[in-house]
Amino acid sequence: MTDKFDDLRHELAVANRILAHEGVIDAFGHLSVRHPDNPERYFLSRSRSPELVEPDDILEFDLDSQPVKPATVQLYAERVIHGEIFKARPDVVAVCHHHAPAVMPFCISGDPIVPVFHLGASMGAVAPFWDSRDEFGDTNLLVVKSAEGASLARALGKHSLVLMRRHGATVVGLSLRELVFRSIYSCDNARYLSEAKRLGNFSPLTPGEIEVAQAIYQLPNAQSRAWEYWETRLAKHGGLPAPLTQLASTAHLSLPRPPPQPSPASRGLKGGGRGRVGGGVARPARTADKNTATKKAAAKKAATPKGGKRK
Amino acid sequence: MTDKFDDLRHELAVANRILAHEGVIDAFGHLSVRHPDNPERYFLSRSRSPELVEPDDILEFDLDSQPVKPATVQLYAERVIHGEIFKARPDVVAVCHHHAPAVMPFCISGDPIVPVFHLGASMGAVAPFWDSRDEFGDTNLLVVKSAEGASLARALGKHSLVLMRRHGATVVGLSLRELVFRSIYSCDNARYLSEAKRLGNFSPLTPGEIEVAQAIYQLPNAQSRAWEYWETRLAKHGGLPAPLTQLASTAHLSLPRPPPQPSPASRGLKGGGRGRVGGGVARPARTADKNTATKKAAAKKAATPKGGKRK
Amino acid sequence: MTDKFDDLRHELAVANRILAHEGVIDAFGHLSVRHPDNPERYFLSRSRSPELVEPDDILEFDLDSQPVKPATVQLYAERVIHGEIFKARPDVVAVCHHHAPAVMPFCISGDPIVPVFHLGASMGAVAPFWDSRDEFGDTNLLVVKSAEGASLARALGKHSLVLMRRHGATVVGLSLRELVFRSIYSCDNARYLSEAKRLGNFSPLTPGEIEVAQAIYQLPNAQSRAWEYWETRLAKHGGLPAPLTQLASTAHLSLPRPPPQPSPASRGLKGGGRGRVGGGVARPARTADKNTATKKAAAKKAATPKGGKRK
Amino acid sequence: MTDKFDDLRHELAVANRILAHEGVIDAFGHLSVRHPDNPERYFLSRSRSPELVEPDDILEFDLDSQPVKPATVQLYAERVIHGEIFKARPDVVAVCHHHAPAVMPFCISGDPIVPVFHLGASMGAVAPFWDSRDEFGDTNLLVVKSAEGASLARALGKHSLVLMRRHGATVVGLSLRELVFRSIYSCDNARYLSEAKRLGNFSPLTPGEIEVAQAIYQLPNAQSRAWEYWETRLAKHGGLPAPLTQLASTAHLSLPRPPPQPSPASRGLKGGGRGRVGGGVARPARTADKNTATKKAAAKKAATPKGGKRK
């Protein structure tokens, strides 16, 4: 779909792929962003591995986690995590659920994760621990019912990171980029903490240090520097999403996706740029309702050299 | 060979390469799939590192692990693992034997692997431990005799994963994709368990949780999402197998293979696609019995752009 | 800027990227080199992740860490680390501040890092430990004031590496290449030490061994062999910086940078070489004061094949 | 040089690069092979990181580790390791000295490495431990004198792997491929052992198991399968050496090497193949004594497609 949320969908797709590329999420895990104009809505991909999410995959949901337009594609089973947290936390703009290797040992052992270095303070002072068994007994551990999502949101409380026993973690942010920053550095923090515990003694940051250090990523050159770094790394591996070139309705067709993209190196070689290979042009047109003007705009967009896109 | 099992051989080659790319198998290890029409047969590659297996390498074996057609190529010494498990377990459709770094410390220490997170439950509740020394005394630890394979199959019993002391592991699945899913996530489970044990206390999933969580990968969007993810990662690294373009008899010639494939980046650059470089076209024709129609179909297949192949 | 410091800026950019590629620095961290003609000045990049630093990004600072020419680009908040160490240590030619995963567990636990293998002796016999809390109480742990930088420089003393509690490390060298060598091998040393401690007993090098082994990197073929290795690895991943093609003033414009560079593979394919894509040509001309001769020289330089550049 | 040892030099260069690519050696470390016709000679690269070694870099040495033809290039300081072991062990055909991260914690702690899995048995039953301090007191730990090399050779004795305290390891083989196999799998063995020790109890292979399992790599399809795997992985990363195209004398000129090679992807794209970029053609001719016939043969060789080279 080509509308005023194109950039937001593109950025959310990039964020998905950054977290995959940096080892926070693998085949599973997902991240969402609240609708900028309507706090009762949020954007989230259809069910797909984050590394593969395209802007076209991103759908709009209400806070009961129902798609705003009827969808025939598969949806994430655990999207109530997003809806219930957006309900409970009006301040939250973005949510990520993951099973990062860095946090799993803590989710399994029950050991607390505490901030142990300056950038790790971005997780906040405390990461609450939620055990689905307490309220819901034996389940498959997935958070699929509204009641489960609401329970998780209560456990999260006013914090930024909640650990989910034998399952993973959920992170929130006041912006999408804050969320990405916090997700990555809270994983680093967990890794360093785990190693430090084995070396011997360790002491976390003081409450005073946490309070000021958790704001580091709000410094003008911290978040943008990190984002540029992660996005460049992603681009070097050919991991950028395709540009938006399809109308909204395509997301509602459960047609087969094109196969795995060619290797990064071949993408930029054929004149038309990224759009040619990974994006819309190679796919058969799937909708009849495109008007010619839109088509031309999309084609023009696809041909824009990489350099012309960033803000 | 170009016959009705082309797709199966292609998928088995992809599965080999996925497990290599995800770090489950290295130079050694192998995986098989039962013949879909004849339960007394199974498909397995000639002796070759899984990362290199091409559809053309895959041969048909009977349950005594003898090749159905006389083969002059080298065969895996340990193929009785597959044959004996297919005999003992009529429900099993696919078998993988590996020496993943994630499980080796458990195979050496004898510590049990238990499921500690939701996706790890795909291993089942129990992973039995088989020590070749118990029945066979001092060997080179390879499972090469029928009696050894049968002993291993007995140890596996009704379970999905059996650890082999000082050697590795064998995993089974009710489908090839289930097998791949279980192989990868049981390795993740072993890694997280190992780390959690060092942090301090840990508790496995409850029996009730295991029972429901081990079925997660059967959810409609779990297995296909993960497969798409792994296959895309493989494709990004230029790791997809060449398309099938040779007749059956080629697999029985012990001709030298073409040398290492060029780097992924150069593969897609020369018009004809993958087949040109890694696959059949660059190899000299090795059989005289191709008819022209088959040849044309194969050529056409090789020239299909990557986007047109997946189901 | 094209002047007599072109090579130095190119080498500093390469050093930045080597340390990023070898896992010493990530989104954050920075390294500087003293002005070869004026000991009261040093060169350091504008605020940017080291993996992305281009020669054009490198600015000149005085020892109070103020840019020599007014800059409108973002500057590293912690550049006083460099200025204060250059003040306190006239012998030091290059400084690196990093948060390498290898040292963080020691920075958190307070365990000392001691040299445990021959190349690790490049760190020197002792790595002092600096805790910002001792003098400055609760801060966000960044070293942003002159007094903080001076305190760190005092803790460093005559040594080559200082650990910064809950933050990272700072390393110094008598040359840029010595700095890179020491930064990389002191991280290896920390990793091996950490593992050795878990295996059981360990003993560091003797004082006599350290004294002679710390000079290994000064052997004629040690430092150059290592540098060639790291630079080649970097080049293989498409990580070399773009050649210098802009006049000095460009660094003072806070124009948006071009987006992430295309993958390495595509860089060399379009005739003009690296400069076409990552460097100056793709960017709009940003200065009016280029004279034609400079322009031609720059263009000629950009077109030089990779092979023609190294000394 | 183009002579009857071309293939041997090519294979030794490949072996160097395989061990670098598989993480056994980094900037330092080296490996040699005995002269097939003259047991008093061996081949070893000039001083260069193994990942970069070209066939042209490989020189001939006598057992006192002096180059057979006067060399003006830098030589490895520690080549006496090779010469003294070839003297003391007439059965040995190939020698590798490395500082692999997998063995360093054992070299530092003094913990013994014992074989704990079937492929790990390739290290043999015992890995002796050599401490340079015992005979030579405080040194920089490099093995640079004949007496030091001879002492190390005595410690090695009849075994296949000797650990060098606070330094690294030296491995020997009855063939170059056996050496590569043993180097890689003894590192895997060390990693698994280290992890197993942390999990709890562990028991090594029995003497009977070791005796038969250490011969696994001599099975017809074990060594060749592994070599094909490692060489393919190397090729995929653009890591194969350039073909031999220079006469012998070039190795004796200490001319600057060409700069880092372009990224793998671009290597195969320009018609002439690998030789064009990384090898001889791009370099200025450095010798006057080439005759035209040799030149043509070399050029023809450089143009051979990758597929035509392997045996």
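We call the chains A, B, C and D, going by the order they appear; numbering starts again at 1 in every chain.
One rule holds for everything that comes next: a contact is a pair of C-beta atoms (placed from the backbone, for glycine too) under 8 Å apart; a residue touches a chain by one contact, two chains touch by 3 or more.
For clarity, every value in this text was computed on a predicted model and none was experimentally measured.
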item	value
Self-contact between copies chain B and chain D, residue sets same or different by half	different
Fitting chain A to chain C on CA atoms, where both chains share a sequence, rotation angle to nearest 5 degrees	90
From chain A, the most remote chain by mean C-alpha position	D
Distance from chain D to chain B - Cα centre to Cα centre, in angstrom	31
Rounded Å distance, chain A centre to chain D centre (Cα mean)	44
Shared-contact residues (touching 2 or more other chains) in chain B	197-198, 237-238, 264-266, 269
Complex contact set, residues of chain C against chain A	26-28, 47-49, 51-52, 74-77, 99, 101, 104-111, 133, 137-142, 166-168, 194, 197-198, 237-239, 256-266, 269, 282-283
Touch list for chain D against partner chain B, complex	116-119, 121, 188, 191-193, 195-203, 205-206, 208-209, 211-213, 215-216, 219-222, 225-226, 228-238, 240, 263-269, 306-311
